[in-house]
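The structure is given below, and queries will be raised subsequently.
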């Protein structure tokens, strides 16, 4: 699997508006572009002549064993790119031995996603909507069905202004809307603009699940989330889709890692496209990365199998990158492996 | 409103020489290009999970309430782009609830601009010409008609050399010259080359109005202006039209803010094109920004309504950017929100 | 000889897959591109009015006199680009008075290379394969035939992922495989993934030859190699063919030189294309540089004569660069000659 | 006069080989390109509201009054671009009130250049050739004819390798060779490679003229030249024609100015194309700049008048740049006017 070609293939298959909805970012897309470029600004300092006859990418996230420190980020409307939708993504992810984060904006029900790969670990992404009961019902159902954590999106009190969608006059295809509305998930696309760190404890107490806050780009915010009861944070700029001009995840990660100081797990997403990017992220202190758009390109072109193939490729790339860095285990991916250009 | 397209539409409507007169800059236009790029070099560090259920862009400038910290910069010859000229700009600005700075090089009289939107706040931009009586008459008339401040342009003892105009052999269209000369404003395009900070007190005493100095790019100059009686400064390189090679406003702003140290209000113009740029400017310590060329593109394509639409769009963008930064009020736009790349 | 044109001529002669195999790098080829660019980031500070009536490029490497501090790097499969193969490279290198490093992945036998230029100094590059006897036989044969040092490749426990080869579905041409297998060299392309610094002493004791470790990009690794018995290191990222994202040799060199602190000789390869690059490398503390791809372009287009012409051109360029820097001898190429931009 | 267009016009008039000989640089022309770009990396910090009703560009160089701190650099073979040759350049320069540096590689005799503008100040550029008598005769003749200083080129023990000339198989046109040889100047193009700082005192004592050393890029070299009897230095990389990779003049200038510490005058050439570049150079501590290629384009397209027009344009640009910087006299161009980006 060649990620550049994968995206081109997906682009050829999808209606232009759907492709742009996924590929695009907010405003002038400077953050979108910078999110990929920021990883490249980190040069690797590989070690030589280490015994890498057995390289293992296995790790745990929130105590959960996974095949590699690469997870599936929450993304919306999987049926827009493939009729099998989120359950296919769940099956492909499970087949690759890792963890999927289901989005509140899914086009399949929580039950359908849970039953698609019942034994695989999965997380549930939450927007807290104005009608708190709706949110409560969905997170409690997720907890009952064995989702292992909630991922509260913190960076979306409003949707970012995505000029591609404005220019395309993009609207969700009818069948996607239908699928979306047929779920037991909150039907509104809008998070309550008054959500604060107080909802972290509410979600945790309601479900007994650990809560991660996604969208954190500052050390002080990370500390505030932990103090409010979060079990970790996801350093993210929402794939460049929210605030154009926001700092790249790779640039924000060290500050967050330093502020968290080992008290919780720090995850990161945005612009991770290669095994070497995973090494960079872990060297900067991330526990694991989350991958979004590439999973959708893989789903669009190959369904569940496509997702599994993509994730296996990333795992193979990571294994190779670790071997070439002289790191046989993920714990050996330490901060001396990277230097900023 | 999409600013990139707005300029293209205006370009299609206007004679090439008129378009170039507005769009162009001095010399090789390095400062012109850098003025936009400099804002992009400032990355935003948004805060998450703040209560932004009510975001207000309202603020005051020199004590005057305005709907947002985005004002209309002084620009010349509005009738060159639209027959309704400066009064249309005044109406559109008033409709958006903010403040227009009328240029000495207007193609409408002070009275016409004042009566176009009698209740809206407005400032008057001054070139001090050799015949001091001419200048005195116009600023006193502005004071009588309720203009709230004078904006003395400090960076134009001579006009910059704009190669587009040289190559186009640009001359003002006859009807513009006629309109220009029919005003009660000084007819010369040339400021007296001997003007110094001493004229600040003269203007203030003559009119009783606060005086801002526009074109300041250094902390020491800002202090000298305040000591000579100015009520504030506008950090500006005249849209890259005067000294090619001059520092970008976004780069000069922190030095000026530091030197002024809260004793006066600091404004900034140059390259502000998006709501996120307004957040950047305010995070660096500006009280408000001024917008020039986009207002002319809006006037050219839509008259007073076009100007209002543009300003409402900027306000909506600013509101969204504030919400995504976790800032519900302009006072919450603090310097920790930006970091230099 | 103009190196840019030399590559173009070779490209025109070679099958595209063969050209790409040589020219390409791992992953997105960021390290490949950066390896050349990194030298350009070092600006020269030439001295004026020095007596350069006699400039000498002569030096020694591991005590061996050579005509210049430019050696031939180990590269694979010379018969793929020219039927005369490695013996032609050996003759051309000898004619230019310098030293060739023969690759384990040669398409000629050790004996054939040794007899092609019996009096010229040469080194032997080693991959330690799982069947240690194979490796032992070849290095001992090299020692018997007068090779002066072993160059243990440290950065290749696995081959990097070269997307050009994947896309081209590149396979070695049959005649190359035949030639390759007809040698007395280890037939596997894969180094043992468990090789560590312990093999340095084993190779040295087995052959009595000094061992250099190639692929070192860190000061701590260089020290570990020396402590394990190495006589020096080659700072290298394997021409950008192994770990995409690895630091450029020019950027890693100062750290390695500082760590080695004069206790051993430090060599460097990667992106050296001009005489001025040799000056830069020596100013940063390298004893000599190794050149890879350009030698293959020269071999492809001109056989042994082509190789000699290329090396003579590099020597002439170095001589000119030294004269223009005011350095009559290589010892006068000191660190004050370069500054980082 | 628009410098970009001036070069294009000259290019259209000249044989391609002649154009390339002048326009080109050594090696990959990185220093050539960087020499222009380096000035642009210096941003100007203009002062506002200063009395610039009378701006004067007048200054002195080595005590000689000139109309502006812009001199004509020594360049070779003026008859190659215009039949009137160096005397025309001398007349045009004199008409603009400034100073020309005659090259040893002139296509007119010293007498012819001297008599073309007998009252104008002029300097004589020297290569010290192996036959010292030849050099002695020419510098003594220059002294007799009223040249005011000698400019010893320090950076050319050998000619740089200019790939354009190699590719063009450039040879001097026959009529240029004839004109060159008809002069009383040394006929060899090659400076003695053994020339050192000792020749500075020899030239001074022989002629009684002050000696400047051209090509200095380091503070230590500048000090060595002064200690050997030089009256000043010209910071220069020979227009990027000698050592490709050498530091830009604008980047080397501050180090040289600091080392000289006011004991002598420091000049600079390379990449100066606009009045604002002159301000930058003087702000960094240069006494004056020298301009080379643009003078040849002006000579090619307009003879003596062309040269005068170019120089008057540069003076007008400088005057405007000074006014916009708030500097009425060249002494007011101080180091606070520039900041490095």
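Order as written gives the chain letters A, B, C and D; numbering starts at 1 within each chain.
FYI, a contact is a pair of C-beta atoms (placed from the backbone, for glycine too) under 8 Å apart; a residue touches a chain by one contact, two chains touch by 3 or more.
As the structure is a computational prediction, the values presented were derived from the model and not from experiment.
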For this session: Pick same or different for copies chain A and chain B, depending on whether their interface residues overlap by over half.
Result: different
Problem set entry | Copies chain A and chain C - rotation angle from C-alpha fit, nearest 5 degrees | 90
For this session: Express in whole angstrom the distance between the two chain centres, defined as the mean CA positions of chain A and chain B.
Result: 42
Seminar exercise, completed: Taking each chain's centre as the mean of its CA atoms, chain A sits from chain D at a distance in Å of 60
For this session: Examine which chains touch each other and state the graph shape they make (line, ring, star, complete, other).
Result: ring
Exercise. Got a list of which chains touch which?
Worked result: A-B, A-C, B-D, C-D
Exercise. Inside the complex, what are the residues of chain D that reach chain C?
Worked result: 27-28, 30, 34, 154-155, 157-158, 160-161, 163, 166-167, 192-197, 199-200, 213, 215-218, 221, 224-225, 242-248, 251-252
For this session: Could you pull out which chain D residues touch chain B in their complex?
Result: 2, 40, 42-53, 274, 276, 280, 317, 320-321, 323-325, 336, 339, 341
